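Heads up, the next two complexes both have chain A, just with different partners, chain B and then chain C.
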Partner chain A sequence: MTPYGSFTFFFILAVLLAPTIILGLQGKRFQSYNLFVTVIALAVIFSSSLNQAIALCLFTIWQVVLIKSYLAYRKKANRDSIFYLAVILSILPLILSKVMPYFSTMNLIGFLGISYLTFKGTQLIMETRDGLIKSNLPLPRLLYFILFFPTISSGPIDRYRRFEKELALDISAEQYKLLLYEGLNKIFLGFLYKYIIGYSINHFFISQLRFISHSEFQNHLYYMYSYSLYLFFDFAGYSAFAIGVSYIMGVKSPENFNKPFLSRNIKDFWNRWHMSLSFWFRDYVYMRFIFWMTKKKWIKNRNLLSNLGYILLFLLMGVWHGLALQYIIYGAYHALLMVAYNSFERFNKKHKWWPQNKVTHIVAIIITFHVICFGFYIFSGQLFHKGV
Partner chain B sequence: MDFKNEVISLLAEICQDDVVKENPDIDLFDAGLLDSFGTVELLVQVEERFGILVPITEFDRDVWNTPNNIAIQLADMK
Partner chain C sequence: MFERFKDFMTNQKLKWLGRFVYYLLILLLLFFMYGFNDASAGSYIYNDF
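== the complex of A and B ==
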């Protein structure tokens, strides 16, 4: 069953979470009960495909063994080669699941959420390397973090140390009341976004485009903007469900969107769109790459180094979405935008060519909006297919 | 020069702006003075000059947001 995909799913959630809510409102601890809820919810989500259920189990065992072994190793030694090997092994299942479909019709490795769960495994390896995770990771907590069901299919991508801190907190009845209220609010915002606005854009506009538009060009133009809006409301709606359910379970999962269509520039956009993903790439790819290069002093030119970092980040992000041409070009498009904006920002700092005031702020938002929509148009794949 | 002033003058170098000296409570990220790239330069310099190793994911922008706060965090890690 697809998470948040039907009323049945929400109904099952309501029944499963009723004891959590009752315990929470009495100020009692509910995390042990939540472990039970997670097991049942996972069984419900993966019940439709035995293949996927097995793949999920194998993936989880793989990650847990890898993380535990690396942690045990890291207490004794800290060789670069072992660290690189651990990172490669942690993303190996994801790579195989993306490449396999090109070689065989059966995909035995992939399952719903593999792209997102991989981020959790890899960050644990990296933070262990940094010495931020020293104590033994208790197995139930590690499993709960990896398999936390509200965010399993498409994020938001949480961080282990943050997640663990929240589990340790005692939540009073008063605090829980607030969490419950915020959680329910988010869930209803999700209904508005995904099932009212997103659904309407798709049902009344996108699927009617061939009657609405008068030419091929118009067709594609309308599609570009309506698809961008649809993508936002659909994904932000899903995220609101995932975050809302997390709150009810006493975990404040990170936010994923912050009014992305009001971004002033492309850099600002990536601080507002799919934030848990872009922050992951920022912290674990871009900044590490820059850090490494600066320390080794291989590239001294700051501008060039920063641009190489952006190219690496966005090409990786593109490939992560899938190996299809549209995702790779989407990544390259954003890499190019970041490089161009970076040069512009530098130029403007020196020459003060673009003043800061209310008018330029609004103009900047409008320009950025169109540039972003063109990116989603590439992402949609319409550019490479005929017709809508 | 005490530790706090050393940190603030390092920040002034990295941000290329003396406003961090005049207003050590300014939010460096909101003001556009520091970004991911600047943060990495800061962490590299902190390691070289003060011998303090700050892992990248330890640098939480909500806590390490102003020159004063960064100085406090670094003093704690000394």
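== the complex of A and C ==
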């Protein structure tokens, strides 16, 4: 069953979370019960595919063994080669699941949420390497973090240290009341975004485009904007559900969106769109690349280094979506935009060509909106297909 | 005048009423669009990644 994909799923959630809510409103601890809810919810989600359920179990064992082994090793030594090996082994199942469909009709490794679980596992290895995680990770807590069901299918990608801190907190009845209120608000927002606006855009506009538009160009133009809005309402709707349910379970999962279509430039956009993913790539790809290159002193020009970091980040992000042409070009497009904006920002700092005022602010939002929509048009794959 | 407007807008009862209407509208729209069917608004795009 797809998480948040049908009303039945919400009904099951309501029944499962009723004791959590009652305990929370009485100011009692409910995290032990939430572990039980997670097991049942995972069983419900993966009940339709035994293959996926087995893949999830094997993947979890793989990640836990890897994380625990690396943590034990890190207490004694800190060799680069072992760290790289641990990272490669951590992302190996994801790579195989992305590559396998090109060689076989059966994908035995892939399962719903493999990407997001991999991001969590790799993050733990990297933070262990940095010395941010030193103490032993209790197995139930580690499993709960990796398999936290509200965010399992598409994030938001949480950070272990933040997650752990929240679990350790004692939530009073008053505090839980606020969490519950915010959680319900987000769930209603999710219904508005996904089930009302997103569904309407897709059902009444995108699927009717051949009757609405009068030319091929118009068809593609309408598609570009409507698909961009549909993608946002679909994904922001999912995120609102995931975050809302997390809140009800006493965990403040990070936000994924912050009015992305009001971004002033491409850098601003990536601080507002799919934030948990872009911040993951920023911290674990971009920053690491910059740090590594600076340490090795291979490239001394800071601007060139920053641009290379952006190119690496966005190409990887593109490839992560899939090995299809549209995703690779989507990544390259955003890398190019980021490099161009970086150069423009430096130029503008010197020459003050683009003043900061209300008019330029609005113009910047409008330009960025169209540039972003074109990116989503590439992402949709319609650019490479005939007709919509 | 502005102060009175500000007081009016920050009134707790009004906020509560606004929230109530907002939730009710969403529920009504869901009901009109899907009725008593177990609606599926299509799979999520990002579930594929």
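Criterion: the second predicted complex is superposed on the first by the 388 of 388 C-alpha atoms of A that agree within 3 Å, B and C clash if a C-alpha of one lies under 4 Å from a C-alpha of the other, contacts with A are read in each partner's own complex, and residues count from 1 in each chain.
Following the convention adopted for this analysis, contacts are C-beta pairs under 8 Å (C-beta built on N, C-alpha and C of every residue); 3 or more make two chains touch, one makes a residue touch a chain.
Keep in mind it's a predicted model, so treat the numbers as computed, not measured.
Asks: Of the two partner chains, chain B (first) and chain C (second), which one does A:Asn202 touch, if any: first, second, both, or neither?
Replies: second
Asks: Touching A:Tyr238, do we find chain B (first), chain C (second), both, or neither?
Replies: After superposing on A, A:Tyr238 lies in contact with chain C but is clear of chain B.
Asks: With both complexes superposed on chain A, which partner does A:Phe291 reach: first (chain B), second (chain C), both or neither?
Replies: It touches chain B, and chain C stays clear.
Asks: Report the partner of chain A that touches more of its residues: chain B or chain C.
Replies: Comparing chain B with chain C, the partner touching more chain A residues is C.
Asks: Is A:Ser153 in contact with chain B, with chain C, with both, or with neither (first, second, both, neither)?
Replies: Once the two structures are laid over each other on A, A:Ser153 reaches chain C alone.
Asks: Examine A:Pro355 and indicate which partner it touches, taking first as chain B and second as chain C; both and neither are also allowed.
Replies: A:Pro355: touches no partner chain.
Asks: Which residues of chain B touch chain A in the complex?
Replies: 35-37, 39-41, 43-44, 55-58
Asks: So in the complex, the part of chain A that touches chain B is made up of which residues?
Replies: Counting only chain A, the residues touching chain B are 123, 126-127, 130-132, 159, 267, 282-284, 286-288, 290-291, 294-295, 302, 305-306, 309.
Asks: Which residues of chain C touch chain A in their complex?
Replies: 22-23, 26, 29-30, 33-34, 38-49
Asks: Where on chain A is chain C touching in the complex?
Replies: Going through chain A, the ones touching chain C are 2, 4-8, 112, 115, 153-155, 188, 191-192, 194-196, 198-200, 202, 231, 234-235, 238, 320-322.
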